[in-house]
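Two complexes, one shared chain (subunit A), two partners (subunit B, subunit C).
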Partner chain A sequence: MAAIRNTLLLAALLVLLIAVPPFLGLGWQNALVNVLIASLFALAFNLLIGQAGLLSFGHAAYFGIGAFAALHLMIAIEDGFPFPTPLVPLAGAAAGLLIGLIAGYFATMRSGVYFALVTLAIAELFHSLAPRLEAVFGGESGISSMRMPWSDITFGSMLEVYYLTLAWVLICGLGLWAYTRTPFGRLTLALRDNEQRVRFLGYSTHSVKVIVFAVSAMLTGVAGSLQAISNETANYSLFASDVSAQVVLQTFVGGSTVFFGPVIGAAVFTLFSFLVSDLTRSWVLYQGLIFVLVMLYAPSGIGGVLQHHIRNRRQLDWRPLSGLYLLALAGGVLITAGTVFLTETVAVLFGEEYAVARRNAGGSLPAYELFGAHWDPTDIFTWLLPLVLLAGGGAITVSTRRHVTAFWNRGGGSRDTAARPVSLGGAA
Partner chain B sequence: MEFAIISTLNGVTYGLLLFMVSAGLTLIFGMMGVLNFAHASFYMLGAYIAYAVSSVFGFWVGIAVAPVVVGLIGMAVERFLLPRVHAHGHAHELLLTFGLALIIEELIKLFFGDFPVNYQMPGGMRFSAFSIFGADYPFYRIFIGGMAVVMFTALWVLLTRTRTGIVVRAAERLPAMAEALGHNIPMVFMFVFGTGAALAGLAGAVAGAFYPTNPNMGIELGVIVFVVVVVGGLGSLKGSLVASLLIGLFSSFAVGLDWSLASLLGVIGLGDWARSFGGLMTLKLSSISATIPFALMLIVLLVRPAGLMGERN
Partner chain C sequence: MTGTNLDQPALRLAGVKKSFGPIEVIRGLNLDIRAGERHAIIGPNGAGKSTLFNLISGMFAPSAGEISLNAQSIAGLSPHRINRAGLARSFQITNIFHRLSVFENLRIGVLARHGVRYGLFRPVSRMRQVNDETIEVLTRVGLEARSNDPAGDLTYSEQRALEIGMTLTTGAQVILLDEPTAGMSREETAKAMDLIRTVTEGKTLLMVEHDMGVVFGLCDRVSVLVYGNVLATDTPERISANREVQEAYLGQEAS
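And now, the complex of A and B:
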């Protein structure tokens, strides 16, 4: 039954993904392409941390490699090389696999923090070398190309790029999911849980890790090449540490312990940055806050919390729980409002425009505009409002959290400290 | 000769600055096994706090206040945030500090803007210590180096010659045993973390007045500091001193040298053959001076993860 229901859910999602985009504007189509690419990137990344227990801090390397490989192939197609454009991501896959095998061979000789440092060093190596290597990475300006038409498809519109991306992401995502069901996929999990035992069973753990690393790098390369197809350009900034950082944030906020958790994180973050980045310059700060809150209060991420509830849905007494959650949500909304108000106020008061306004006002503090209203920085109400919001929200969240914890400990469900669902509202 | 002497001086002062930051990082790792991604952010925080305070109360007050504030922040992180994720393993601790680094950087941008701030040393310190080959050598570089030397000596004496030092070293080696003997180990951990953060803050406060103070200074120094602690051996104070000087000297020499793989192969008569390849072969050392530290770090991690002077693997 469960399998049928999941399949139906997936099918419904697929229909939405196919049917809706033609009715959306160009901006949204572009945003969805980015969501899909980020999802694949996060899934590939999570193969390492979620399945094999290896934390990579340099996955930008394979993303960038995939993008550059795809662009080189696209340039060759422009020059008349007969290769179908929809298959260009194969170049990214091949390049990612190759580099992943080499890098993975060395990186997986170490584990834990040392593994993270090796991957970090490899990515930094690419990042610092790429601007110097004109022939491969096109120097500081990078390389660019054009999508060439293939049979009847011109790849001129964003919609065509979207469907191409969707097809690749679905194939790779489902392939990855199928991979986790194979005996080798189970072995990967065993590696995370007890490496010594796997070695005792007679497996060469190093070669298993190398293969897992290479598969992850290969799919990351596909994601990179999809980005290259969508943007038609790439430069060395793809290797930068914030690309590696983004995928870490998305994966853990989404939940690394659940297979499709990273997709949630990737979708939420990418859509939010699409919606919010025009409104605020502090978007990265909010991302950081969300990440730290998730790390502190729901280490298994959004996906983990959801899965925990779905698993226990029959045993749970939903009536009191949903009331508590609504309360927690209200508290979270208050805290969020207070935080956003304070942050945006600081952003305005310490901004350059306000400095000019102050000079014009002869050194006094003029009123500023925020959220469609005027605020006077010398008025105590301006500061009382966010403080009341924060204090009220904090009080509600803390007391609700106590109740929720008590509820779960009473046996409202199986006890799972990693997924204790507390104050997610604060992270919304 | 001129190049060699000037580069050596610059390299040693830069290396000593690197050491000021990496000392705290390596101490914290050695003791708690936490690789603190936010450590370089503490350095940046020190520079900005010193800038903000010194613009009102003067330079020396800024230098004094910055490490105290940063140290307190460090203690708060260790006391209230890290224990929450401790149960989920070192990966989560690392991720938490990584998130904190992100937040600190963005908060700095929020308050001080994306561009460098005008944090300057007082006019009274803007003189040349001596002149060499007709060029004046700034006193402030010597001051930075001197601070680091004083700090290293103080740490060394504290760790090896005092009772506190014995407890700290015991807590590093066998925390459970030290606790059984009646020492308050969580308190020791908190103070070590705070001291490490304060040292980074002090380094930022001192160096920010000489090098540019901008929101990228944390990340830029952060990766180099990782290189230093890895090459020196995670957890080894002596090792990180040696590695700091090594990296400092290297980066000041590399910018002035135009060696390449091709010229190296030229020694055995393969220069023209290598030059025909182009690419990696003809890259000059000066243009890849940012790459070499990472290559060095990679080699150390793969060949000898314990680093130059680390004991544990």
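And now, the complex of A and C:
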């Protein structure tokens, strides 16, 4: 029953992914390619943190390696090497696997913080070496290539790149899902729960960790090579720590304990940057705020919250709950409005343009424009508005949260302790 | 069972020493565990019982001396090698996979015995033999009804039973149980004793135990550990009659 329903859901999603993009503009097609690549990257990363319990802070290394390996193969194809373009990501997989085996051998000698630090150091190693290794990484400007046609496909349009990416992401995603059902996949979970006991049951935990790490690096390499195919270029900035950090944020916001959680996080963040980065330069700050809020109030991530509600959907009394959630949403909108207003006001007032305007106005504080209206910084109303929004939104959210917590504690849901700190009832 | 000579001890410790910095916890200990016997280690707190278990199972390497399993040296080997050589242990503090189901907790060990350690190309649900054997162990430790529950949700005594079950899964012939009845009520202890008796049938058992009732009811021989050395090894009856032991250990309990 549940299996059939899930299959149908996935099939519907697949139909959407195949049928919709031809009707979208180039910008959206490109954004969807980025969503797919980020999804695979996050899924591969989550194999380590979600399943094996290993937090890597340096997955940019394998993403970058995959991208460069793919570009070198593409350059060879340009020069006449007979290799089908759709299979270029195999180069990323092979390079990711190889480097993952070597790096993983050392990184997994330790666990916890030490593991995280070693992975960070390995990525930094690539980041600092790449600009100097002209032949491999093309120096600071990086290397570029062209997608060559294969059979009847020219790979000239973004749509063709989209379908190629979709195919690879689906295959790898299915592979990862199948992995969780193999003996080794179950062993990976056991490792997360209790490494010591695994050792006393006759397994060399170091070998197990090296293999998990290498599989994760291999699929990360595939994601990197898909990015290389899409962009037709790569430089050393792919090894930067913000690439490593981004996948950590996406995975945790999406929910590392749910298999598809990282996909949700990857989609949310990629689309967020696509939609908001043109509107405001503060989008990175907003992204950080989203991360902090999710970690504080829904540590199991968006996927964890969804899963919790889906699991308990029959026992739940939806009418009062949806009312509460609507109220919480209203509170959230008010808080968001207040925060955005304050952030953008500060951005304007301390910006260069306003400094010029001030000089022209003889040092006084002239009115500024924001959201299509004029605001006077000396007017108390300008400051009162966001404060009222924040206070009102805060009051609504706090009291709603109390009710939601009480609702769940009353047994609105089952005693599913594993995923209980949920949504606004986070402190419950 | 193992086809080894019955005169040859299943487990032999000769001149084993272990120091942590300047403190010598195990001081040239000699001990023979006969194949097929149930052997208890008793002793006051700080006598070195847990350290002894950790040395035998590979958690620590001994500072000096020899440990052999069926005449094969295992001193200083890593835990997974010692397990594969045929020795499994349980832990005093419950040491399970909390978020996995009870069934999966047991299956990890069964998979290890079947050598499917790095199986990546077949779903585990199709491995009939492995799953059947897991069910067999599940039934033996009486946890059939909890098969699909997360191990972290079990009651304390159920977790202790699971702990024993996991120790059995890898098929080891020598079983080390570290205080298997600690913290249990009287009825739970009685049940646990029955369980241990049946599941160690035909195997060699070495256990640390504080409860003298369990020792008398279960074990063929007892060794008394005091200050990192074996004070005496004998049948439970003769040990309890031993004046030296009474002074060192049993006397303390009584007072």
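We adopt the following convention: the second predicted complex is superposed on the first by the 414 of 428 C-alpha atoms of A that agree within 3 Å, B and C clash if a C-alpha of one lies under 4 Å from a C-alpha of the other, contacts with A are read in each partner's own complex, and residues count from 1 in each chain.
Everything that follows uses one rule, which is that a residue touches a chain if its C-beta (ideal position, glycine included) is under 8 Å from a C-beta of that chain, and two chains touch if they have at least 3 such contacts.
Everything quoted here is computed from the prediction, not taken from an experiment.
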Legend entry - Combined model on subunit A: subunit C and subunit B, fit or clash: fit
Inset, instruction - In the overlay, answer first, second, both or neither for which of subunit B and subunit C A:I211 touches. - result: second
Legend entry - Inter-centroid angle subunit B-subunit A-subunit C after superposition on A [Cα, multiple of 10°]: 80
Legend entry - Partner chain(s) touched by A:Q287 [first = subunit B, second = subunit C, both, neither]: first
Inset, instruction - Applying the touch criterion given at the start, work out whether A:R402 contacts subunit B, subunit C, both or neither, answering first, second, both or neither. - result: neither
Legend entry - Partner touching more residues of subunit A, whether subunit B or subunit C: B
Inset, instruction - With the two complexes superposed on chain A, say which partner A:T343 touches: subunit B (first), subunit C (second), both, or neither. - result: first
Inset, instruction - Check the residue A:L187 against both partner chains and state whether it touches subunit B (first), subunit C (second), both, or neither. - result: second
Inset, instruction - Classify the contacts of A:V198 with the two partner chains as first (subunit B alone), second (subunit C alone), both, or neither. - result: second
Inset, instruction - Report for A:R313: first if it touches subunit B alone, second if subunit C alone, otherwise both or neither. - result: neither
Inset, instruction - Could you say whether A:H374 touches subunit B, subunit C, both of them, or neither, answering first, second, both or neither? - result: neither
Inset, instruction - In the overlaid three-chain picture, find the nearest pair of C-alpha atoms across subunit B and subunit C and give that distance in Å. - result: 13
Inset, instruction - Could you list which residues of subunit A make contact with subunit B in one structure and with subunit C in the other? - result: 417-418
Inset, instruction - Under the touch definition given earlier, write down the residues of subunit C that touch subunit A in their complex. - result: 57, 78-80, 83-84, 88-89, 91, 95-100, 104-105, 107-109, 111-113, 116-125, 127, 130, 150, 153, 166, 169-170
Legend entry - subunit A to subunit C touching residues, read off their complex: 178-179, 181-187, 189-190, 192-194, 196-205, 207-208, 211, 417-418
Inset, instruction - Over in the complex, which subunit A residues touch subunit B? Could you list them? - result: 49, 55, 106, 109-110, 112-114, 116-118, 120-122, 124-125, 128-129, 132-133, 135-136, 241, 245, 248-249, 252, 282, 284-285, 287-289, 291-292, 295-296, 299, 343, 346-347, 350-352, 417-418
Inset, instruction - Would you pull the subunit B residues touching subunit A in the complex into a rising list? - result: 33, 35, 81, 84-85, 87-88, 90-92, 94-96, 98-100, 102-103, 106-107, 109-113, 219, 223, 226-227, 230, 234, 278-280, 283, 287-288, 290-291, 294-295, 297-298, 301-302, 305
